[in-house]
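Order as written gives the chain letters A, B, C and D; numbering starts at 1 within each chain.
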Amino acid sequence: MTTGVEFLPCIVAFCCVHSAYQAADAAGRMRIPYPENIIMVHIPCAGRVDTLHILRAFENGADGVVILACHEGACHHILGNIRAKERVERANALLREIGVDGRRVEMRTCAPNDGSRFARVCHELEEKIKELGPSPLRKHA
Amino acid sequence: MIIAERKPLEDIKQMIAQYKKILLVGCGTCVTVCWAGGEKEVGILASQLRLAFRRDGGELETLEATVERQCEKEMVEELKDKIQQVEAVLSLGCGAGVQTIADRFEETPVYPALNTKFVGMPEREGLWIENCGACGDCFLDRTGGICPIVRCAKGLLNGPCGGTNKGKCEVDPEKDCAWTLIYRRLEKQGRLDLMRKYYPPRNFQAVVRPGKIEAQRV
Amino acid sequence: MDEVKIGVFICNCGDTISKSVDLLDIRARLEKLADVALVSIGHDLCSPQAQQAIRKDIIDNGINRVVIAACSPQLYGDALANLVEKAGLNRHLLSVANIREQCSWVHPDKDKATKKAMVQIRMAVDKVRLQDVVEQAEVEVYKDVLVIGGGIVGMEVAIELSNLNLRTTLIEKEANLGGRLKQFAALYPLQVTPEEMLTSRLKQVTGSENIDALTSAGLKDLSGEVGNFTAKIRKGNEEISRNFGAIILATGYETLFLDKVYGFELGDNIITQSQLEGMLKSPGEIKKIPQSVGFVFDICDEHSRISTPSTLRNALVIKERFGSEVYVLCRNLQVDGAGLEKLYQDVRNKGVIFFKFERFPKVLRENGKINIQVEDLSMAREQVMLSCDLLVVEEKVVPHQDFATLESMLNIGLGPRDFYQEDNVHLYPTSSTKSGIFFAGNCHQDLDLGRALTDASNAASEAYQLISSGKMRVEVERVVVDPDKCALCLTCLRFCPHDAIRIDYEKKTAHILDLACQGCGICAAVCPAKAIKFKDWSDDQILAELEVV
Amino acid sequence: MVNKSVLVLGGGIAGVASSLRLAVNGFKVYLVEREPTIGGAALFFCCKATEACNQCSVCLVPEKIAEVKAQPQISLLTNSQVAEISGQVGDFSVRLIQRPRFVDPEKCTACGVCAELCPSQPNKAIYLPSPQALPYAYAIDKNNCLHFNGVECNICSQECPFGAIDFDRSPEKIELSVDAIIIATGFDVFNAKEKGCLGYGRYTNVLTGLDLERKFSTQGSITLPSSGKAPQNVAFIQCVGSRDVHIGNGYCSQICCKYAMRFAKLLQYQHPETKITIFYMDLQTAGKGFGEFYQQCKETIRFVRGIPVEISEISPDELEVKYEDFIEGKVAKEIFDLVILSVGITPRKDSSNIARILGINLGEWGFFDTQDHLDSTETNVEGIFVAGTCHGPKDIPESIAHGAQAASKVIQTLAARGI
């Protein structure tokens, strides 16, 4: 980048305790580094995340939001991850209405024992948000 | 139940563009049930508006409240304190709710955030279907409890029209033909003779607006 | 409410965390936060001495909310909750920030790691500040089990439960117990005959005081929840009402011949596996001993565990009993069951000839014979014409017709191919989506006999584990509905994956069943009136956590 | 609380399932594991999910292990082996030998300081057996450790912040008295070198399914061992060591078709352009939801009936696979850059030893035999049960189910005898 100050995106990750939270632990135990600017909010199931939570994360200054859920077909509550996906889609639509790139919200999956995938997903998310640049929804200084 | 749906954000934004601080009011009855104007939707819309203003370089302050029934004067009374703090009100109630707030707080502009669509019922979670036209002269006794006035695309009282195609409507093949449904229902009840009867057209112009009903004293 | 006093206890894990996280800086910043009454850094919080000290600190300082910043709660979460409880606080008034696995171990840059650890601990502080108390209680439950279906699996379930000293009501819609086992001609690769197996099981069922077997009976209605179901059972004209702690479904499967799909119709010399089994069972029905018999399966991508064993079994019976020529035609032999490969080899050694096809063979009827034209892949794609007196075809394995009724009565879901849906296929293979209802055998997936018996044993012991003590521990009102806000919209009811929500029409509110609730929070997320509060993950808490962004 | 105790021999997923079922019902369980961590073979397997879960069930292992940790009724005896057993149901005497770990799992917090400082090369002598290990503590590999190989090295024991390391430990004898015994000693993976014609161990780019598990679980992806590039044309060869009476394994291993297809899908998920061929005898596609998965696999994976007879290396990146093409009726040759041998399950090499100590029978192929074919867990010795793959091939969910079944039978047997 030419701007001098490197953009450090702030990403809120809602992490299901049945998968992503444990995967993050696994990544830790394997000492696989990943970006530290990913704020992990842990939740009992991806289905607990409300569209409102996603919007509020942006209000508070997040550049991107991700729900890290169990793989399709592996949810402990059968459809929690599918519900989360629906809400991500709604949040996408609400952001697009505002004129913001819907790609700032997404859902990704990982298994509880897959630390390397967790770290990889975090890197990919950071890269993506870096590409999109700072959120236009951040509070004005 | 009254089914409503949120207006496009652009419309809402334009209505409240000149304000810095508004109150969003939800209603705890019909529009909560149809996911359009309960406390949850108030929160989401408030958040989305704040973000939208910020996106455009401005800032919007919001207050939120949800009353039990917006169409009751007494119930909107509790908004008094909050309304004094804001420049305008955005109602997430049906049209009746908007008007009740507007009547009670005449000095404050009240805007509708919803479009009130129809009287209907849930088919499954998140899907509502219109099944009553509130026409004022119920016809359901003759049709096995299926209203042809709203559920037939042509509103026929003497159906089906001849365009029925395998039980689907010729106007919208996605929809069931109301008169096929009526036939099946009456057949089950052994009342097909009702289908033979001719019903003269209804004069909707004779309906007095606004409607008014006064119940007998209890 | 009393003044909130939060104590933050940070673990240095033997001075290793401070290598990558500036704990002193964090302590200084935490001490400035509202409601934080105490911040302490320990060498290793998992040691008994340190835990003693924490307990003392909590009591001495009047701490009423605890944050522990240490390793993953997966490791010591329970121990820490116990610690908090021993200090006289509710175990839910604790929040753990994972600054080891999820911070110091993965972020080598000290400044950045310190920043992240601070964020993590602040989130925990903000969360615990708003945490409500959740009490635990013990609830009495019925120790009786209802087993629906009196086939071999249902009997096995009842016998095992009886051995475990639980009383069982076994209901079977037919007049006799035994189900499909009654039709089998042999049970290869098992050495036992179906008659022996059936007799031994019947003896155990009838000989047990713990088992009440009701034949010609069916379930009429079910209400209640885990631990306390009330079932109305219809037997003849009688109606019996009984209470159960758990229910096990062992309703088995049906088979169906799909002529449209298979492209030919049944007849005198084209019969199904079950018809063949009937014939082998009552030899009088066989008018003429077939000189040659063909078996065909894999007709419609069934991937069934049932076709291969039944074909091998019946092929062997025919070979042994009549000495006929036997051909078996299929795409793939499903030999992934105990002893099946061996059985296949034995059957082959006995002279049964196998053809594996890529394309479905042509079946032609001619002069009372069935001619099958098949490509023999082992002979370089040569077309072979097989002439048979009898052709035995596979049937499709389908759920029972009455599945749908039971499903709606019990309010449990159907999964792929309309079999019952398990809660989480690999996690709880015998549990339904609804707490206290279990599946055994072929009603939820197709299993060979050995697997079905293992499944039966498992379902029985799951039920035993759940209710045998006569009590269940439960978290009381972990998820609550505010009756003032509830609009009775039924949204939660429709979304709950575990059927744990009822409408209380007297109180005009939705009501969460504590025993059945599994704590996913989906209801709290979907409630349009925001009437549902999940005390461990409330909206306020999640939004407060998001404030740190 | 029940005043009964059970010895579970083997801390793999089946043994863990047995232990949990017993412990929850109030039994005292001694879970004996030869390795320094419980979890068994599947602990080192990888998740095979793409976007969807493909139900390999590997993630159940850490989940179940976490339950063991929370269960005070289970005593873990790792690094331990059975030396002698006597007695009968209701009163077995067991003598175990516990090899020293040299790290006290009660004190170790797995902070990792020791491994950071350990000077052993190339592999650290002090290591965490697995990220999900239980006990969650480091262990010392005596063969690698300088201290045990004539060097004055005490770095780890000096630097451990918790004083958890003690080199002066010697093997301990443990005497137990138990009411029943469950054997869940698991399996060995077929040694692919026994099929010399397939070139395993000779050709760098011939790997086994087990190698794939290891690589994916540590690296998250796979590259060609020869060049480090992503594989482009991969062959899976099924039934290596299974359904083969000539080598004494006349049974289907039951897991290989499934793992091969899952790996194939995973490879294509990571690199959609990868070409994959699976050579098979019969595809084992039964199991809930697996038929549907196979249908999806057919869209992008080539299935060829027939097991190749020979592989030769043309160059490190080119393996020529010779197979009988049934469709064309001739011998065909094709070049792949990576060949995966889908090795199956075999009985453990020490199973005859265990059978001798316990006095139980071995079945035809060397797995532990059960007494009555109606009950797949009871051995010929009353009070001794088998669980999991030591009884015959099983996948993870089936091993769990079988483990729980064995536990249930223990409870029933002891109840029936009034013990």
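Here, contacts are C-beta pairs under 8 Å (C-beta built on N, C-alpha and C of every residue); 3 or more make two chains touch, one makes a residue touch a chain.
Remember, it's a predicted structure, so these values are computed and weren't measured experimentally.
Between the chain pairs B-C and C-D, more C-beta pairs are in contact across C-D. A summary of chain positions shows that the Cα centroid lying nearest the centre of all protein Cα atoms is that of chain C. If you average the CA atoms of chain B and of chain C, the two centres end up 42 Å from each other.
Work out the mean CA point of chain C and of chain D, and you get 24 Å between them. If you average the Cα atoms of chain A and of chain B, the two centres end up 36 Å apart. Between chain B and chain D, the centres computed from C-alpha atoms are 61 Å apart.
With touch defined as above, residues shared between interfaces to two or more other chains in chain D number as follows: 55, 63, 112, 289. Those residues of chain B in touch with two or more other chains are numbered 40, 43. Among the residues of chain C, those in touch with two or more other chains are 74, 100, 105, 425-427, 495. In terms of which chains touch, the assembly is arranged in some other way, matching none of the line, ring, star or all-to-all patterns. Of all possible chain pairings, those that touch are A-B, A-C, A-D, B-C, C-D. Contacts from chain C toward chain B in the complex involve residues 485, 487-491, 494-495, 527-531. Interface residues of chain D, counted against chain A in their complex, comprise 46-47, 49, 51-53, 55, 58-59, 61-63, 110, 112, 128, 131-132, 217-220, 289.
Within the complex formed with chain C, the chain A residues making contact are 10, 12, 22, 24-25, 27-29, 31-34, 36-37, 39-41, 43-45, 47-50, 52-53, 56-57, 60-62, 73-80, 83, 87, 119. The part of chain C that touches chain D in the complex is made up of residues 13-16, 43-44, 46, 71, 74-75, 78, 100, 105, 160, 163-165, 190-192, 197, 200, 301-305, 332-342, 345, 356, 358, 377-381, 415-416, 419, 422, 425-427, 429, 444-446, 450-451, 453-455, 457-458, 460-462, 464-465, 468.
Interface residues of chain B facing chain A in the complex, by the touch rule stated above, are 8-10, 40, 43-44, 47-48, 50-52, 54-55, 57, 59.
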